[in-house]
């Protein structure tokens, strides 16, 4: 008869950590969704909610850091427990950044909204990019919560798409501004939004990769080196593999 | 390449040689015991039967020269031995165990060690000296101014004095063998020490205590010298007519196996010599039985405790 | 010495005040002052010979059974100095579990657990049955032995024997349970089971655990005291001790620089 011990204190600590991480993850998705909503419909209340969510996430991140350090110091975890804890430590930063960028987007929505209440129709690309980004965040969070490494194996491809969209949007916005269809003060802000979305997508990819590590123990390999030269002629060369 | 007498071969040879030599020594050591047992069985065997053990003694005679010469019995001696040993046990075993408990459980360092040491010394006192001591302590002049020396009491007391240090020391050792963890566990439960000793420590040491007592009995039972001095080697069963209380009956000379073998063995009469061998066989068997029992109990206890 | 008074959530069950202990003329513990909070686990760690076993034995006055042993200072249990009370009574309130499991060898499992009660006068079979059941359950041993209560205690495995000793100590319903390196002689799984047990016990009892394995202290204790050469070096919440100890000596010990 194999004897089984429960290691109750460690189990309890891990449960608390997981609950906090789930909360943090879900807050981050809430933040980005609300931020994009606020951008599309210029709602001050929504924007303020994003600020609140971001603050909450900031606090929660410290609690999670505390959880992780305590668990490591007191229980010397190994194997899957250790990977779960170190993963949580790392991706909590990613979620926090997602929150921060969402807050930045919300702030822009307030600034831009003062001038024109809705998003110019020409910028449906921005909407598409936002949707894709939100989808990536959602996927990576589901993967983390459900401990499912399979579902995020190809998240890198989405990231490539988002990067491409960012480049296109950049050119488009520049053209709109040059043709005076869009005011520079607005266009510049939208470029920032696009940039923030691209960064959020990167963080979502980080989360996905870390989930793979947590489940399999294999270190996330950076998507094979791809480089783009973006400049006035917008040349880009992406090789993936 | 070296063959033959290299270091390995020499080592093996030494091994076998030493084992062989040790075995030879053991056999040599066992020879006396073996031959004693053999002789006693051979000479005493034919004589030993129930009638012999319980029957009364008869007059000395020569079996080959006189017709109607019986060997008789050793009943009185057997009775005397058992009575005296029994009384000695009643005195020495409780006292010895109590002393052992005191030394092991309550003694403090130097006091305990001194008393233990004295006990060891006591067990080395020659038994004849013990007999002399009891003699000088217990002889008296009775109402008719007759000298009264021999009695079952005196014999029992002499045997008790011989048994006491052995029982004390073996009890003390037995108790010391009980691991101190048990006592600590009992104290930590708020059990007062005296109760811990009674209910837990004594029970743990149980078998060893019995063994120690039996060993003392075996030792004292074999003693002859003191009994010669104070028991009297009577030929008769303890005289106890109805109406006389037991206590005063015992204040008479009694027979005992050791003195009996001494007197019959040095007798010129062949029936007594034959009887002496029978008595010797009986004596040896009883004492061996006690010793073996004691060691069997010890063996089974150590088996059970898995030690 | 900094010690965060347990902010009233856990009042002090035992207070040691300037306690020193001697074996003859040799000083084993030097002026230790510390509070043991109620219904928590307090661990005492330190290298061999630092006095931690001696200290815990002072808490139920087992230290004194050694000839020429002496304790000075005051040890307050619920505010009253135990050094002037009857030690036998004290030990019914403050129980102890030892490094080597020491079940009574001639007794069955049932008798072992009931021993503390029976030998202190409890005869009622019902009460005994109840207490034995409860103690074995609290010691996480009931399921494993419920069908063999009448078999000898010595037949159990090492870890089970130790849990039997814990059940035996709990049967007399102490308020405090002292554990002197309870897992030293056990394998890792048996150790983990006892640590789980400690985790459950602290809801109802105050526990003090001496351990030479500091990771064990980290796993089970809310408060940890570090002793060295008879002195109390640091005493604080376990998290503080293991994440950011105040004393360099403590840090050196925990990081394995010595000991």
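By written order: A, B and C. Residues from 1 in each chain.
Methods note: a contact is a pair of C-beta atoms (placed from the backbone, for glycine too) under 8 Å apart; a residue touches a chain by one contact, two chains touch by 3 or more.
The structure displayed is predicted, hence computed values, not measured ones.
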For which pair of chains is the number of C-beta contacts greatest? B-C
Average the C-alpha coordinates of each chain, average all protein C-alpha coordinates together, and give the chain whose average is closest to the overall one. C
With centres defined as the mean of Cα atoms, the chain at greatest distance from chain B is chain A
Between chain A and chain B, what is the gap in Å from one C-alpha centre to the other? 94
Taking each chain's centre as its mean C-alpha position, how far apart are chain B and chain C in Å? 49
Chain B touches at least 2 other chains through residues none
In the complex, the residues of chain B that touch chain C are 108-109, 179, 181-182, 184-192, 195-196, 199-200, 203-204, 206, 305-306
For chain C, which residues are in contact with chain B within the complex? 60, 62, 65, 67, 88-92, 95-96, 98, 100, 102-106, 115-116, 119-120, 154, 165, 168-169, 172
Using the touch definition up top, name the residues of chain C that touch chain A in the complex. 159, 189-190, 192-193, 195-196, 199-200, 215, 218-220, 238-239, 242-243
Using the touch rule from the top, collect the residues of chain A that touch chain C in their complex. 3-10, 69-70, 73-76
